[in-house]
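Here come two complexes built around subunit A, the first alongside subunit B, the second alongside subunit C.
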Partner chain A sequence: MDYDFNFAAVWRNFDLLLSGLGLGLVLALVSIAIGCVIGLFTAFGMLSKHRLLRWAAHGYVSAIRNTPILVLILFTFFALPQLGLRLGKIESFIVTLAVYSGAYLTEVFRSGLVALPPGLREAGLTIGLTELGTKVRITIPIMFRNVLPALGNNFISLFKDTSLAAAIAVPELTFHARKINVETFRVIETWLVASLMYVFACAIIAALLRRVERHLAIPG
Partner chain B sequence: MSVPVLEITNLHKRFGDVEVLKGIDLTMQRGDVVSLIGSSGSGKTTLLRCVNLLEDYEEGIVAVAGEQIGYRQQNGRRVRLREREIARQRAMTGMTFQHFNLFPHMSAIRNVMLGLVRTRKMPKDEAYATAETWLDRVGMKDRKDHFPGQLSGGQQQRVAIARAIAMNPELMLFDEVTSALDPELVSEVLAVVKGLAADGMTMLLVTHEMQFAHDVSDRVVFMQDGRIGEEGPPDTLFHNPKSERLAAFLKSSKF
Partner chain C sequence: MEIAQALEVIWAARWALLAGLGNTILISVLSILMGTALGLVVGLILTYGNPVLRFVVRLYSDFLRGTPVFVLILACFYILSVVDIQLSAYEAGIFALTLFCSSHVGEIVLGALKAIPKGQTEAAKSVGLTFFGTFFSVLLPQALRMILPTWVTTATEIVKASTLLSVIGVVELLLGVQQVIARTFLSLELYFFAGFVFFLLNFAIEKAGRFVERKVAIPS
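For the complex of A and B:
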């Protein structure tokens, strides 16, 4: 087989691919930030002594985890407007990804919380902190550091999931690659470059996360 | 007589169907040092934990400085206090734990400062100075920037003592301060506790170190199946035990 590689058409559109990559990163970052908040509340819900809260938290997590993410994306974008909730495609995608990651992060945070020795909370209470105070000052900061590697993995897989936003025409990397592919017929070159961009971006994110982990690690 | 620092009246505590404390009465005046001894499972830890409401209690009254801990009476019924009230009451007592429970993500001095800043509302610089004074007092000033993971067990326990005592509590509760420590680290911690006792701190302590209990206490309380079996000055209790049970216990503790 001999094939003449010609990347000229791809390079000409490289700035589009780059901007798509940037958008994907922003989408992942914003979504995981919101997802962290959702996940934290839901994790506490799961560990609550109120049955209704536990019930709601479990319901949310299993509903989301048992639905394909593409279906969630399409549902939010096409079905919610029918119910009167109109969102732009980017907002719609962020909502989906935040709710999606929230369900996975719930599990991360929940296991992080139950792994903490109960004595930490009690020590917080003995110096006069309230239950909320001990969560904010003690349990959450320690748990957060402990689950940072898992959080990083979630972020990377979430970043890759942003490629699914192409399905609702959010102009991220995959969307632009598909467009370039259709316009230039440089199929191999386009998808090769797009793939490598994902790979490099993930490698850089992973390296950055390791630095953050080292920086935040508890000494001793 | 002034208001007792601790007054426990007919305290009952159940875990499910099991009654672990079966009517405890105990009064401590300012400056008293009382040791709780007794075999494993007799309820010593549970008694301490009821005093600062780490455990709820079903019946009886625990009062610190004249204030009932955790509950108030309303139309003859017991009503649990609100969260904020309970937090304030907990800060009236200081407690150390068998396993230290220092906050691992904070340096020694931050551990001591947290309660001062958040609960006592001290300005940061004043809290820092206070924390430093207490760390100095327990011999840990030169390690004030170390994290718990970088300290030995004995050092961690001394920081934990500083963290509790810096809050200036009415009453200190010590639960087996040395039982998780290697033998060579025991004396450094006991020396700190003895020093605090000599300063007039009111202390209720659970210990398996009989010699220490003998030396430091004004009174010793022998717990037995959730009740107070025997109580008295250390010399009387250790040298003239009234009951078979206490005599056997002392023998088994190699006193």
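For the complex of A and C:
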């Protein structure tokens, strides 16, 4: 194999790659924030007394989890305008990723809620909180702390999924890497640097999340 | 009526779409089989390998898991041709999915083997089993049962990831559908159709997995 490594072209465009990485992180953060809200509501829907709500929640989770995310991204961006819902590519991607993560987070929150001892809710009601007050002030905060590791894993895999935004030309890391690849033909260098950027970003996020987990852990 | 028209279009393109579906299935099956075989080796080395080997394989696995599948597919597609390995897009895609699958299966195998209580190995040794005897008749049967649910999830992950090969020009189901859209502009109906077919495929895999799980469960 004759291949002379030359990273100059990649370094020249390194700020583009970095800005792409930053955009990917922002996309993942905004999406998971919206996804958390969706997931929380759907998790309560799954545990609801009403059969219809349970069915709707199960249907949503199972439909999203069994559909490839690329199909969802293309559907939101190319198909929804036919129904008159025209979104910009970044908005469209965030909507897709939020709905997508919502389905995965539903499972996370549902198992978190089920795992809570029933005494928590009873104690909340006993001291005079309403059903809603008990949820907002007691069960949800405790559940959040318990599911933090699972939430973190979801965030990391969501961050990796932002690479798919390149498919609808959102200028994130993979998009720029492809462009540099095509423009300079420094193939190995480009993809090596791009994947290492993802790997290190994931490792740093994981380390940060572990710190947060330790900080928020319920003592005892 | 749009839906009738869409069904007509799908029916007219049935052979092309079926060929795409066939490709999706073939790509997924090959990647899962080869990825699982490679993953077993990865898992075994991570569990029993000597420190140097373990370190190398740990790097391999962490690198692959930290990189988005999409980047992995693009990297394999572009890099392999530069280093004089002439693979078609189809083969490069399967190669990338195999690597992706192997790292995930490796972690699952490692987790399962670690989760088996030490007493099992000790008991096997004390009845005089060799290392291979211990592994094949005591540890593996238990590990496989633990691996099954996560392995099925990984399989559906691969089926979903196979859609990404459409970006490098492999005519699997999604690209097949996109070609029909390019002719007919029925993006809403046809992307929905694509999502629905993938849903059915993954739903079937999940149900089959549950069935096998029940069949092989150790009766309690």
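The definition used in the following text is that the second predicted complex is superposed on the first by the 219 of 220 C-alpha atoms of A that agree within 3 Å, B and C clash if a C-alpha of one lies under 4 Å from a C-alpha of the other, contacts with A are read in each partner's own complex, and residues count from 1 in each chain.
One rule holds in what follows: contacts are C-beta pairs under 8 Å (C-beta built on N, C-alpha and C of every residue); 3 or more make two chains touch, one makes a residue touch a chain.
Just so it is clear, the structure is predicted and the values come from calculations on it, not from any experiment.
When both complexes are overlaid on subunit A, subunit B and subunit C end up sitting side by side without clashing.
Of the two partner chains, subunit C is the only one that A:Ala79 touches; subunit B does not reach it.
In the superposition on chain A, contact of A:Pro141 is made with subunit B only, not with subunit C. In the superposition on chain A, A:Ala194 contacts subunit C only, with no contact to subunit B. In the superposition on chain A, A:Pro219 makes contact with subunit B only, not with subunit C. In the overlay built on the shared chain, the residue A:Val61 is in contact with neither subunit B nor subunit C.
By the touch criterion stated above, A:Gly133 is placed in contact with subunit B alone, subunit C being left untouched. Of the two partner chains placed by superposition, only subunit B is touched by A:Glu122; subunit C is not.
Shared-chain residue A:Ser163: touches subunit C; no touch with subunit B. In the superposed model, the angle subtended at the C-alpha centre of subunit A by the C-alpha centres of subunit B and subunit C comes to 110 degrees, rounded to the nearest 10.
Here subunit B and subunit C are compared by how many residues of subunit A each touches, and C touches more.
For the pair subunit B and subunit C, the minimum alpha-carbon spacing after aligning on chain A is 27 Å. Residue ranges of subunit C in contact with subunit A, taken from their complex: 62-63, 66-72, 74-75, 78-79, 82-84, 156, 159-164, 166-167, 174, 178, 181, 187-188, 191-192, 194-195, 198-199, 201-203, 206. On subunit A, the positions that touch subunit B within their shared complex are 117, 119-120, 122-131, 133, 137-138, 141-142, 145, 218-220.
Listing the residues of subunit B that touch subunit A in their complex gives 52, 54, 83-84, 87-88, 90-91, 93-95, 97, 99, 101-105, 114-115, 118-120, 146-151, 160, 163-164, 167.
Across the interface of their complex, subunit C is touched by residues 1, 3, 62-63, 65-72, 74-75, 78-80, 82-83, 160-164, 166-167, 174, 177-178, 181, 187-188, 191-192, 194-195, 198-200, 202-203 of subunit A.
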